[in-house]
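Each of the next two complexes has subunit A plus one more chain, namely subunit B in the first and subunit C in the second.
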Partner chain A sequence: MSSFSEFISLEDPTVKLVLVGVLMISISSALIGNYAFLRKRAMIGDAVAHSVFPGVCLSFIVNGEKNPLMILAYSIITGLIAMFLIDVVSKHKRVKTESAIGIVLSLFFGLGIVMLSYIQGNMGSQQSGLGHFFFGQAASLSEQDIDVISIVSLVIIVGVVIFYRGFKTVSFDRSYASARGYKVVLLESLISILTVMAIAIGINAVGIVLMAALLLTPASSARLWTSSLSMMMLLGVMFSVISTVMGTYMSYAVDKSPTGPWIVVFLSVIALGSILIAPKKGVIPRWLSNAKNKKHG
Partner chain B sequence: MGDIWILLLSSIIAISCSLIGLILVLKRMAMLSDAISHSVLPGIVISYLIIGEMDYSFFTLAAIATAIVSTLLIEGVSRLANYRKDISMGIVYTLLFSIGVILLTKHQDTVPIQSDHVIQGNLEMVPLEPMWIINDAYLLGPYSMWNGIINLVLVALFVGIFAKQIKIWCFDSGYASSLGMNTKLLSLILMVLTSFTVVSSFSSIGAILVIGFIVIPPSTAIIVSNTFKSAIWISCSISVVSCVLGLYAAKFFDVSIAGMICLVMSLIFMAVFVFTKYSRLARS
Partner chain C sequence: MDLNKKCVSIENLNVFYGDKQALKDVNLSVPQGKMIAIIGPNGSGKSTLLKSIMGLVKPKSGRISICGEPIQRAKAKIAYVPQKESVDWDFPITVKEVVRMGRYSNKLFARITKEDKAKSQEIMEMLEIESLQNRHISQLSGGQQQRVFLARALAQEADIMFLDEPFAGIDASSELKIIEIARSLRDQGKTLIFVHHALNTVMEYFDHVIMLNNCLIADGATQNTFTQENINACFAGIKI
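Here is the complex of A and B:
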């Protein structure tokens, strides 16, 4: 077990590399996650994260190796198909949105499991490393992975900055945005594409099962501290960065443990802490101000 | 010979899932099964670490306890922080599942639960499980199947005895309470039975594929049927048919059985979905 100071001083070049990768991932997910939060599409991120798994497997079957660029391309495609399917299925008048999410999630995840067992059985590669995509294993990121992750993250960050005004208007009030002449459908599709991209790189760090937390939890915690979207993004990124550094360290320090669960634990601690102490909206400040009011009243 | 146990066990699990699932889907609580199935993991791991052996009844109790804790947490978080339900659900289940995975990987050498099986299911191993044999002569099948049977009986009793109440509760919750029905009690029983179902299927189909077993057949049935009763029969039949087809397809392609069953269920759903849409279009 290496000490935290050793870890954070980045003396080990591989640690440095990995940390750059996971930080890019957490920053981009925390940013784009705000829109999933605001547009009330929290669980859709979860379903899409499960749905990129067959894309990962398919890329492996087609290419016979772990090629980060191909994995990215295939998982973005399957993720987008899943998002589209959720929309189509939930439009049926006898299928509720929650069920549509569950159906699409299990359709793609079942497909992924079938493909994975095919790979394990026929391609003789128990060590294919596909298992890392379940819970995330930042330590296994290669230099090539980090390159892909960094480029995609930059695209997401730049996209969020450039389209800030449009995304914001569309997320808060769709009909107002359309009245103001924003191209609503285009902007919404852009948000979806950027979200799927964030998920496709994010599963490297936190894995399929826990990806929802990386999108959702920073935004939800930040929402308790502020009402402005730009502050929410800033705080969310901060929370996410802290949790990612701590989580990656813990996964290094505790033998063989995956990164994802640790990052999520720290994210959740921050979320629960925010629920308790956030000014105005937190439980304790509210309780204190209630007590004060009672005294004076 | 081994296949028959896989077929029986998967069908038993699938029927329990679709009975419970029908109520969950009608109550718009489909994603609660997602939350419960994930939060059950820490309960099972912790209970193993406490007693140090695989004791199914203890697992069930621990899982039901964690399911209740997670439901209370979801409720509490969404009330305290003013979140919508799905957001607090996302926060709570990912936290609990993370704790489960961390404990599981930390005690990998002592806990006989593999994180792979939690994800992928493990129906293939059913024929190799310890069998219940009476008097050295009567082979009654693997123990896990009998756990599934107990669960199925409980679920079927719940649906059978409270059929009328469930029906009213599903379609008009306000009317149900105005009739003086104890809807809180119904929710509690539903939640306990959901966690029981998730636990009994945990070792064979895993924590994630179970969502498909719970959501897909009932959703398919709801599309095509007009009464509660026919929805029950249709969704149970779809479950069993999927188990049979899934098992043989999986054997044929030599892939994961649980995954294949889930895939067959979704293909049936898609076929029904497209067909009903198409036929409605053709009519109009």
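Here is the complex of A and C:
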């Protein structure tokens, strides 16, 4: 096992490249993920992650190669279509949102698999690598990938900072925001677009199946520690950075182990720890305060 | 200030939820500088009327204007205290942050200034919630919660305030405090429109009453309008 100091010195250029890319992904997802979490649209993140897959395949079919910019554009388009369809289907009186999410998720993922089999059967050898999108393969990120990831992440981070008040007001109290004359539809669409963008770059590193964890686990853990949104965002990013550094190190140290799943393991450990020990809301502090109350009562 | 001026006028308003008609051919005008109650049985369209005026519900037909302007151009003139059930009490936000929200401009990039902070502080003191300002909104009593949302509306310094059942589930002292503040706002010429439930306080609290049961039963000065006959017509078949 290689040492942590050797890893964190970033002398190995591949390690540096991977770490920068994955950090950008995890920071931007952790930030925009707060709004999916707070607007109680957590599972939509999962559905969209599955729905960008046909976009990835379609980009390959149309362009005949794995061009990161094209893959991004196509996956954002299919992701947004999926989000739009979920909204349309769940507006139908007799279909609940959770069913709408299930229907759209399977439809798009199914389409993606059909396209993938077509590519495998009919197109040249360049298709190798599309399967990586299932679980992600951070180690194979190219410099071109990192460029795209960095630019998109910066757009997301800047968007979250600039529109902080608008996003917060709309997520907290939609009808108040609307009565005040906020551009509610515009703000909500921006949140959706930034979320789809985060997912579209994220599947490179952690894959379709685990992407929801990068969006939602930091916010869910941070919420247990604080009652302020800005603090929740900072803590979520911190949890994400720690998990990403640790996860990338583990995949570097343990031969042939993938980065994304390691990151998710560390994120989940932090979430579990938060559920247990977070002040006031954690299981153990609540248990202790109940015991104390009983004693005094 | 012209006290006979109409601040909200509504012509032939029809609102549907799916197949169900919530408001039918409502015509009315609301006088400026008064405390106004919208009353009626459950499901009579009280909240719908409020939401239509504020532009939150899209009517099937009809015209609504606020101070002679369509609602989209008059949003800076209105403030809104929503029904308690419609607030997300789990959202990570403190009392102070909710009140300051009233000072946010709806411009996308606007920042909050020193004066905004001072104004929010002043309003929290007036409503006696300044000692709670760093608490999360779920850690308050019903009356305190209602005062926080009233404070947010006051922070906007709007001319017309809409309050959707502000007295539901709150203690008597909070109710008195809210009424006291509402009266002083009215005396400054502001208009306050309440969706109200308790018939026993209508006469005491309000200058003007709008009685609804999907269509308009009556509207006018409380003294002349809130009569037994109109109450019977409005709540026909319902045990009060």
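The rule we apply is simple: the second predicted complex is superposed on the first by the 293 of 297 C-alpha atoms of A that agree within 3 Å, B and C clash if a C-alpha of one lies under 4 Å from a C-alpha of the other, contacts with A are read in each partner's own complex, and residues count from 1 in each chain.
Here is the rule we use: contacts are C-beta pairs under 8 Å (C-beta built on N, C-alpha and C of every residue); 3 or more make two chains touch, one makes a residue touch a chain.
Since the model is a prediction, treat every value here as computed from it, not as a measurement.
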item: Which of subunit B and subunit C A:Val283 touches, first, second, both or neither; value: first
item: Subunit B versus subunit C as contact partner of A:Ser140, first or second or both or neither; value: neither
item: Touching partner for A:Tyr176 - first (subunit B), second (subunit C), both, neither; value: second
item: Partner with the higher number of touched subunit A residues, subunit C or subunit B; value: B
item: Touching partner for A:Phe163 - first (subunit B), second (subunit C), both, neither; value: second
item: Partner chain in contact with A:Phe37 - subunit B first, subunit C second, else both or neither; value: first
item: Contacts of A:Asn67 with subunit B and subunit C, given as first, second, both or neither; value: neither
item: For the subunit A and subunit B complex, residues of the former touching the latter; value: 37, 40, 42-43, 46, 50, 89, 92, 94-96, 98-99, 101-103, 105-107, 109-118, 121-122, 131, 134-135, 209-210, 212-213, 216-217, 220, 224, 254, 256-258, 260-262, 264-265, 268, 271-272, 274-275, 281, 283
item: Residues of subunit A touching subunit C in the complex; value: 38, 93, 162-163, 165-166, 168-169, 171-173, 175-176, 178-183, 223, 226-229, 231-232
item: Subunit A contact footprint on subunit B (complex, rising order); value: 25, 28-31, 33-34, 38, 77, 80-84, 86-87, 89-91, 94-95, 97-99, 101-102, 105-106, 108, 115-116, 119-121, 208-209, 211-216, 219, 222-223, 250, 253-256, 258-263, 265-266, 269-270, 273, 277
item: Residues of subunit C that touch subunit A when the two form their complex; value: 18, 51, 54-56, 72, 75-76, 78, 80, 82, 86-88, 91-94, 97, 101, 104, 106, 108-110, 112, 136, 156, 162
